[in-house]
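Same chain, two partners: subunit A is paired with subunit B first, then with subunit C.
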Partner chain A sequence: MEIDLILKITGLGILVGIIHSLLNKFGKEEYAFIVTVVGLIVAFSMVVSLISKLFENLKVIFRL
Partner chain B sequence: MLILKTLSLAIIFITCAILGYCYGQRFTLRYENLVSLEQCIKILETEIVYGATPLPTALSNVYKKGNPRVSYIFEKIKDDLLEKKRSFVFESFLEIEDELYGKMNLKKEDVEIMLSLGRVLGSSDRHDQSKVFKIVLNQIEAQIEDAKIEKNKNEKLYRNLGVLAGIGLIILLV
Partner chain C sequence: MDVIKIVSLGIIATVLIVLLKEIRPEFPMFISLLTGIAIFLMILEELSFVIDSLNTLARRINIEFTYFSTILKIIGMAYIVEFGAQISRDSGQENIAMKIELGGKVLIMFLAIPILLALMEMILKILT
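Entry: the complex of A and B
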């Protein structure tokens, strides 16, 4: 398995968390929200190919 | 190859950190320049109201006594006033408007206050001008307070954000 990807997403998560709390602390809640959403999108774009692969495999396994 | 990669990542990180630092620095710069500007205007007030010095000499004195980072604009006003033989001091003030926006990081309100001083200087008597000086100084005081709040709020934030954005980019690129 690609352990690199998991580590990368973990790092991204920690970073987004820090930025979120930092922006919240300085009273910029709307930017904090945007940063969280952007982080989510980036993380999704990293795993979307893996998820599609998972569904393909499910289809094959259950003969759907 | 590894060295090249590390080096480029380090460059990206340092660039982001410096960008954040510079962006945060703008707020400090505005605050410091406003404080110096207030000092300069106070010196000018003393020269005009109590010393009754002619305007070019007064401006020149402000340049000598004030903080040189800000007071050079008064010398510029004086030079412009004498060289182009302006009939209104305000025209010379307009000449340095860009300088206030660009180099000194002042906001529109700050510049307007400065320009409003230019509208009155040299166009009425001492008594009248002293009143205007009081109003202008009051307004600048308020702007300084505003700049201080903004500085406390934003300076640290942008510095930290720069560093964090650098780390984020590195995580995405590795």
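Entry: the complex of A and C
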């Protein structure tokens, strides 16, 4: 189901936030930025297949 | 009860978004996207049932079939455009949302022109 994907992305966001603030505290801003980018890419790759599924469904239903 | 599922999914997603906005402002967009998709996938069966019954109704009262499919296409395009525009509006990009809506409006106008022309033709036929 989609609800566990939502929870996964929330967990990922919290994790990335914690790592980000930790790295910031240690003075490694560039690594913090990289962590955020990687987290975003992972989250996007989770969502992208669902978006394409939604569009396929819309195409079939509304005969676009 | 599907409606309870949908509402509780919305509430959970809202709580998570409010929570996550404080920590990392980039991630709430994905959650709202996912929630929209999840709710749509839940109502998929019912929606296709409604459209199928409208389809059979349109066949039985002999509306010209192209009109019905055009209206269906316009509804679908309006839904997709609204979906995308709301996502970018939520992320604060009013500009992109306006452009998406403009594109959707132009494409809908393009689809609607045959119906408009048929109407005009009919009016001219009545007048002359």
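In this section, the second predicted complex is superposed on the first by the 63 of 64 C-alpha atoms of A that agree within 3 Å, B and C clash if a C-alpha of one lies under 4 Å from a C-alpha of the other, contacts with A are read in each partner's own complex, and residues count from 1 in each chain.
As a working rule, a residue touches a chain if its C-beta (ideal position, glycine included) is under 8 Å from a C-beta of that chain, and two chains touch if they have at least 3 such contacts.
These numbers were taken from a predicted model, which means no experiment stands behind them.
Visitor: Using the superposition on subunit A, decide if subunit B and subunit C clash or fit.
Guide: When both complexes are placed onto subunit A, subunit B and subunit C end up side by side without any clash.
Visitor: In the superposed arrangement, does A:Ile41 touch subunit B (first), subunit C (second), both or neither?
Guide: Touch partners of A:Ile41: none, neither subunit B nor subunit C.
Visitor: Hey, is it subunit B or subunit C that touches more of subunit A?
Guide: Counting residues of subunit A touched by each partner, the higher count goes to C.
Visitor: One more residue to check, A:Lys28. First (subunit B), second (subunit C), both or neither?
Guide: In the superposition, A:Lys28 touches subunit B alone.
Visitor: Which partner chains sit in contact with A:Leu12 here, subunit B, subunit C, both or neither? Use first/second/both/neither.
Guide: A:Leu12 contacts both subunit B and subunit C.
Visitor: Angle subunit B-subunit A-subunit C between C-alpha centres, in steps of 10 degrees?
Guide: For this superposition the angle at subunit A equals 170 degrees.
Visitor: Give, as a whole number of angstrom, the minimum Cα separation of subunit B and subunit C in the superposed three-chain arrangement.
Guide: 15
Visitor: On subunit A, what residues does subunit B touch that subunit C touches as well?
Guide: Dual-contact residues (subunit A): 12, 18.
Visitor: Over in the complex, which subunit A residues touch subunit C? Could you list them?
Guide: Touching subunit C from subunit A are residues 1-3, 5-7, 9-10, 12-14, 16-18, 20, 36, 39-40, 43-44, 46-47, 50-51, 53-55, 57-59, 61-64.
Visitor: Name, in rising order, each residue of subunit B that touches subunit A in their complex.
Guide: 153-154, 156-157, 160-161, 164, 167-168, 171-172, 174
Visitor: Tell me, which parts of subunit A touch subunit B in their complex?
Guide: Those in contact with subunit B are residues 8, 11-12, 15, 18-19, 22-23, 26-28, 42.
Visitor: Considering only the defined contacts, which subunit C positions touch subunit A in the complex?
Guide: Within the complex, subunit C touches subunit A at residues 9, 12-13, 16, 19-20, 23-24, 26-28, 30-31, 33-35, 37-38, 40-41, 44, 47-48, 51, 69, 72-73, 75-77, 79-80.
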